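What follows is subunit A paired twice: with subunit B in the first complex and subunit C in the second.
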Partner chain A sequence: MMILLGAIIFWLAMWAVNAWLAHRGSSRAIRIIVPIIFGITVVALWEWLVWGWDINPVLLPAPSAIYAAFIGNIPTLWADFLQTFVQGALTGYIIGCGAAFLTAVAIDRSPFLQRGLLPIGNFVAALPIVGIAPIMVMWFGFGWQSKAAVVVIMVYFPMLVNTVQGMKATDPMQRDLMRTYAASYPQRLMKLRLPAAAPFIFNGLKISTTLALIGAIVAEYFGSPIVGMGFRIQTELGRLNLDMVWAEIVVAAIAGTAFYGLVTLLERAATFWHPSQRG
Partner chain B sequence: MNKLLTGMVAGAMTFGTAAVAQDDVVIQLKWVTQAQFAGYYVALENGYYEEEGLNVEIKPGGPDIAPAQVIAGGGADVIVDWMPSALAARENGLPLVNIAQPFKSSGMMLTCRADSGITSPEDFPGKTLGVWFFGNEYPFLSWMSQLGISTEGGDDGVTVLKQGFNVDPLLQGQADCVSTMTYNEYWQVIDAGLSPDDLVVFKYEDQGVATLEDGLYVLEDNLSDAAFVDKMVRFVRASMKGWKWAEENPEDAAMIVLEYDATGAQTEEHQTRMMSEIAKLTAGSNGALDEADYQRTVDSLLSEGSDPVITAAPEGAWTHMITDQALN
Partner chain C sequence: MRRFWHSAGPVLTIVAAILLGWYVLAVILNMPWTLDRMERAGESLSFTERVADTWAQDKPRLPAPHQILVELYDTVIDKKITSKRSLVYHSWVTLVPTVAGFALGSLLGILLAVGIVHDRTMDMSVMPWVIASQAVPIVAIAPMIIVVLNAVGISGLLPKAIIAMYLSFFPVVVGMVKGFRTPDRMELDQMRTWSANKWQTFWSLRWPSSVRFLFPSMKIAISASLVGTIVAELPTGAVAGLGARLLGGSYYGQTIQIWSALVMASLLAALLVMAVGMAERITMKAMGMAR
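After this line comes the complex of A and B, so read on.
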C-alpha cells in the first residue's frame, strides 16, 4: 500500500512540475524538457513498482535490469541489428518502396495497368505475414534474403497506393499550364507531377519504415539463422531471459524511431514548399 | 453478465451431479493437443480426475507459448515442460519444481539425409543442422559442446538454423539434418516420401546426451500449501493412471486425444502412430523422478562449454513429496 501511495505521490508531483512548466510559456527549452520529465517519470515509476511489489523478472524486468542487459550484450545486439535491420528491413524497404514507386509511375501512365495492377497490389497486401513468411523461407532460404522478401511484400502496397494517389494531386490548371509550355512527358513528370506527389510519396515512405521493421522481426519467427532481432526475442523468451527480450525491444524502438525521423527530415528538405511543412 | 454466470453456475451446482465440491486444477501443456499428452486426456475422459475430486482444465500449448511464463503469470497450477528449460527458468528466478516425471526416456533425435554423407557425429563439422529454439535448444547445444563442435559455423563447426516446427529444411535440402521427435516430426519426414533407408538417425538417448523431457512442474511456493500439495497428489495419481491406461490401449488413447483436439488438425493415423511411440518413452516410469536421470540431465547441462545452460547445480529443483504420496 505504501508502495502504491509513494508511486501516486511521485506521479502527482511530477505532473505538477510539468503543468507548472507548461504554464510558463512555450519556449523551445520547455517544449523539450516537458516530454523528458514525462519519460523519466514513467521509467522511475516502473523501477519503483517492480522493486516495491517484488515483481518476478520473468513477467516484467526492471528498467535497470534491461539497461544492464543492453550494456552487457552490445556486440550481440549489434550483430542482431545488422542482420535484421540493415540486411533484412533496409534492403526490403529499398526494393519494396522502389518497386512500388516505379509501378505507380507506370500505373499513372497507363489506365490499362491501373485496372490490372492495383487489384493485384491490393491482393498481395491482404496476405497475412504468418502465411507469407514460411513460404519466403522455403523460396529464399533461412538468411536475410527471405526476411527482405517479406518486407518487400509488406511495404509495397502502402507505398503504391500513396504514390498513385499523389500522382493525381495536380489540378487541371497546372497541367494546362505545362501543356501551353509544350512540356514533354518527362518534363511534366519531373517538374510538376512528382513534386506535387512528394507529400504523398513521403507519407508512404514513413508508413513503410515501421512496417519494414515489424516485418523483418516477425519473419524471423519462421526460421532463421541463429542471429537476428526476431530470433533473439523468441529464443530469449523461451529461456525466460526477459531482460534481453526488452533490450531487443529497446533496440527496435530506437532503430524504428531513428529511421522514421530520418525520413521525416528528408521530407522536410524535399517538400519545404508544402503547407504542412511551413510551421 | 458476471451475476448471470454465477447464477447459472450456482444453478448447475444445485441441480447437477457436481454437488460434490471439486478442486480446480489447470494444466498447461508444452505443445498442441496430441498423443504426447495422452495420459492427461485419458484421465480426463475416463473420469480419473473426477474420481479424485478434481475439475481439471487442460490448456493446449503451441509454438509461441512458454509454459513457464504461463505459470509465472498465474495462468496454470501445473505445467508440462522439459527439464532443461525448467532448470534454466529456475536459474532465471522462476522457482519451478519437478513433482513427477511420466516420461522416462527422451524422444529427441537428429535426423540426417543419408546423401549428405553423414554416418557418425564426427561428420557433423561443415554441415548445416536444423534445431528448435524457444527453450528446446539446450539438449542440442550441450551435445555439441560435449563433442567439442562449435555452433558458430565454419569448417570445424556446424551451421545452425532455427528450424520451424516442420521438417521442410530437410526435404528442401536447406539443412543436412533436422531435429525430430521419434513420435512426431520423424514421421512427417517419412510421410513426405523419404524412406528410412534415406535417413541416418541419431537418438539423443543412444548418444548418451538425453535430457529429461515431459515432466510436471509447479511453483516452489505452492508446495508449502498443504491444500495445494493434496490437490497435486490426487492430480499426479490420476494422471499416471491415465498414462498407464494409454500405454496399454494406444489406439483408444489416440482416439480420445483426437476427440479433444479442438483444431481438428490431427489425423487418426498420425495420432495412433504417435501414441505407440510415446508409450515407449513413458514405459518404465511410474511417475516418480529417477534421481540418476535427473543427475545425468544436470551434468549434461552444466558441461556445456562457454555458454552453459545453467551455471550452478540447482538446489531443490525436484521433489518426491508428491509422488511418494500419490503412488502408495
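After this line comes the complex of A and C, so read on.
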C-alpha cells in the first residue's frame, strides 16, 4: 500500500513539474526537457514498482536488470545487431528501395503501367507480407540472405507507390515552363520531376525503415544461424531470460529510431526548400 | 464500358503478367527436382511432360497458382469449418483477436488523442514518445508478451488481442491528433463567438472534422493488427491460426500449405480494409461529406 501511495505521489509530483514547465512557454529547451522528464518518470516508476512489489523477473525485469544485461552482453548484442540490422535489414532496404525507385522511373513514361501498378501496389502494401518469410527462408537458406529477401519484398511496394505518386507532383504550369525552355526528358526529370518528388520519396524511405527492421527480425523466427536479434529474442525467451530479451528490444528500439532519424536528417538536407521543412 | 477498361484494363494486364511470370518462375525453380527424379527413375520425359511435372509436385519450391487454388478449395470449401484442417477455422482463430484488438486499440487511440489535444502537458510529454515509437519495430516484442502472459496463466485470445491492440493504437493516435487539430483559428473563433464550451467545440467541430483522418488511420491500424496477430501466433508453437499454419508449413516443407495460408491472410486483410472503407463511405454519406 505504501509502495503504491509512493508511486502515485511521485507520479503526481513529476506531472506537476511537467505541467508547470509546459505552461511556461514552448521554447526549444522546454520541448526537449518535458518528454525526457516524462520518460524518466515512467522508468523510475517501473523500477520502484518492480522492486517494491517484488515482481518476478520472469514477468517483468527491472530497468536496472535490463541495463545490467545490456552492458554485460555488449559483444553478443553487437554481433546480433550486425547480423540482423546491417546484413539483413540494411542490405534488403537498399536493394528494395533502389529497385522500387528504378521501377518508378522506368514506368514514368507509361501511364498505362502506372495506372496498373498503382492500385496493385496500394493493395499489396496493405497485405501481411511478413508471411512470405518462411518461403524466403526455404529459398535462400538460414543466413542473412533470406532476411534481406524478405525486407526487399516488404519495402518494395510502399516505396514504389510513394515514388510514383511523387513523380506526379508537378503542376502543369511548371511542366509548361520546362517545355518553353525546350528541356529534354532527362533534363525535365533531373531538374523538375525528381526534386518535386523528393518529399514523397523520403516519405517512402521513412516508412520503409520500420518495415525493414520488422521483416529482418520476424524472418529469423522461421530459422536463422545462431546469431541475430530475432534468434536471440526467441532463444532467451525459451530460457526465460527476460532481461536479455528486453536488452535486445532496447537495441531494436535504438536501431529503429536512429535509422529513422538518419533518413529524416537526409530528408532535411535534400529537401530544405520544401514548405514542410521550413516551418 | 470504356471508362471501366480505362481503369481496370491496366490492372488486369499486370495481374495477367504476374501470373504468367509466376508459372515461368515455377518451371525454373522446380525443374531441378523434376530432372533429379527423372534421372533416379531412369525414365526420360519430353519437354512438355517435364514442364507439366513442375506444376504438379507435392512439395514444390514454388507452387503454381492453380495448385494453391486447389489447396484453398480443399481446405476452405471441402472441409467442414469445425475441422482442424479447415482454413476457415484457422482464419477465424486469427480474425477474432485481430478485430478485438483493433477495436480496443482504436478506442484507446482516440481517447489518448483527445487528451493530447486538450491538455498541453500531455501533448508535450506523451506526443514525442508516440512519434518515436513509430520507428520502433514493435512487432518484435509480440513473442515476449505471449510468453509472459502465458506464464501468468493467460493464454488464448487475450494475449494476441493485446498485441493487435498495441499495434493498431499508434496509427490512430497520430492520425486523430492531426484530425482534431484541423479546425483553423477562424473556425475555433466562430465557436467562441457562439460561446461554445470545450465540450461543445469538441462534439460539433473537432470530432466531425477529424473523421476524414479517422478512417485512413484505421485502415493502417487494421492491417497492422492482422500482422500483429499472425506474428503473435509464431513463437509459441501455437496450434491454430494462420500464423500457426505458416510455421507448421515451414517445419514440414509444405510449401502449398504456406502459400494457401498466405493467400488466405491476404484475403482477410483485403476484406478487413474493405470493411473499414465501407464504414467510411457510409459515415461520410451520413455526415454529408461524401465527395
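Everything that follows uses one rule, which is that the second predicted complex is superposed on the first by the 261 of 279 C-alpha atoms of A that agree within 3 Å, B and C clash if a C-alpha of one lies under 4 Å from a C-alpha of the other, contacts with A are read in each partner's own complex, and residues count from 1 in each chain.
Everything below uses one rule, namely that a contact is a pair of C-beta atoms (placed from the backbone, for glycine too) under 8 Å apart; a residue touches a chain by one contact, two chains touch by 3 or more.
None of these values were measured; they are calculated from a predicted model.
Student: Here subunit A is shared; do subunit B and subunit C fit on it together or clash?
Tutor: Because the two structures are overlaid on the shared chain, the partners are seen to clash.
Student: Where does A:Phe259 make contact in the superposed view: on subunit B (first), on subunit C (second), on both, or on neither?
Tutor: In the superposition, A:Phe259 contacts subunit C only.
Student: Mind working out whether A:Ala29 is in touch with subunit B, subunit C, both or neither, as first, second, both or neither?
Tutor: A:Ala29 sits against neither subunit B nor subunit C.
Student: Go through the superposed model and pick first if A:Phe112 touches only subunit B, second if only subunit C, both, or neither.
Tutor: second
Student: By residue count, which of the two partners contacts subunit A more extensively, subunit B or subunit C?
Tutor: C
Student: Quick one: is A:Arg239 in contact with subunit B, with subunit C, with both, or with neither? Answer first, second, both or neither.
Tutor: A:Arg239 contacts subunit B only, not subunit C.
Student: Which partner does A:Pro57 reach: the first (subunit B), the second (subunit C), both, or neither?
Tutor: Only subunit B is touched by A:Pro57; subunit C is not.
Student: When the two structures are overlaid on chain A, which partner does A:Leu177 contact: first (subunit B), second (subunit C), both, or neither?
Tutor: A:Leu177 sits against neither subunit B nor subunit C.
Student: Given the touch rule stated above, what does A:Phe123 touch, subunit B (first), subunit C (second), both, or neither?
Tutor: In the superposition, A:Phe123 touches subunit C alone.
Student: Just subunit B (first), just subunit C (second), both, or neither: which does A:Pro225 touch?
Tutor: In the superposition, A:Pro225 touches subunit B alone.
Student: In the superposed arrangement, which partner chain does A:Leu102 touch: subunit B (first), subunit C (second), both, or neither?
Tutor: Neither subunit B nor subunit C is touched by A:Leu102.
Student: Which region of subunit B runs into subunit C, 6-14, 42-50 or 60-68, after the two models are superposed?
Tutor: Comparing the options 6-14, 42-50 or 60-68, the clashing one for subunit B against subunit C is 60-68.
Student: On subunit A, which stretch or stretches are contacted by subunit B in one complex as well as by subunit C in the other?
Tutor: Common to the two interfaces on subunit A: residues 58-59, 134, 137-138, 221-223, 234, 237, 240.
Student: Which residues of subunit C touch subunit A in the complex?
Tutor: 6-7, 9-11, 13-15, 29, 61, 120-121, 123-129, 132, 134-137, 139-141, 143-144, 147-148, 151-152, 219, 223, 226-227, 230-231, 234-235, 242, 246-247, 249-250, 253, 255, 258-259, 261-262, 265-266, 269-270, 273
Student: For a test of understanding, state which residues of subunit B touch subunit A in their complex under the given definition.
Tutor: Checking each residue of subunit B against subunit A gives 64, 66, 68-69, 72-73, 85, 88-89, 92-94, 133-137, 151, 159-164, 168-169, 172, 174.
Student: Applying the document's contact rule, which stretches of subunit A touch subunit C when the two form their complex?
Tutor: 15, 18-19, 21-23, 26, 30-31, 34-35, 37-39, 58-60, 112-117, 119-120, 123, 126-128, 130-135, 137-139, 209-210, 213-214, 217-218, 221-223, 229-230, 233-234, 237, 240, 242, 245-246, 249, 252-253, 256-257, 259-261
Student: Help me check something: in the complex, which residues belonging to subunit A touch subunit B?
Tutor: Counting only subunit A, the residues touching subunit B are 56-59, 134, 137-138, 141-142, 220-226, 231, 234-235, 237-241.
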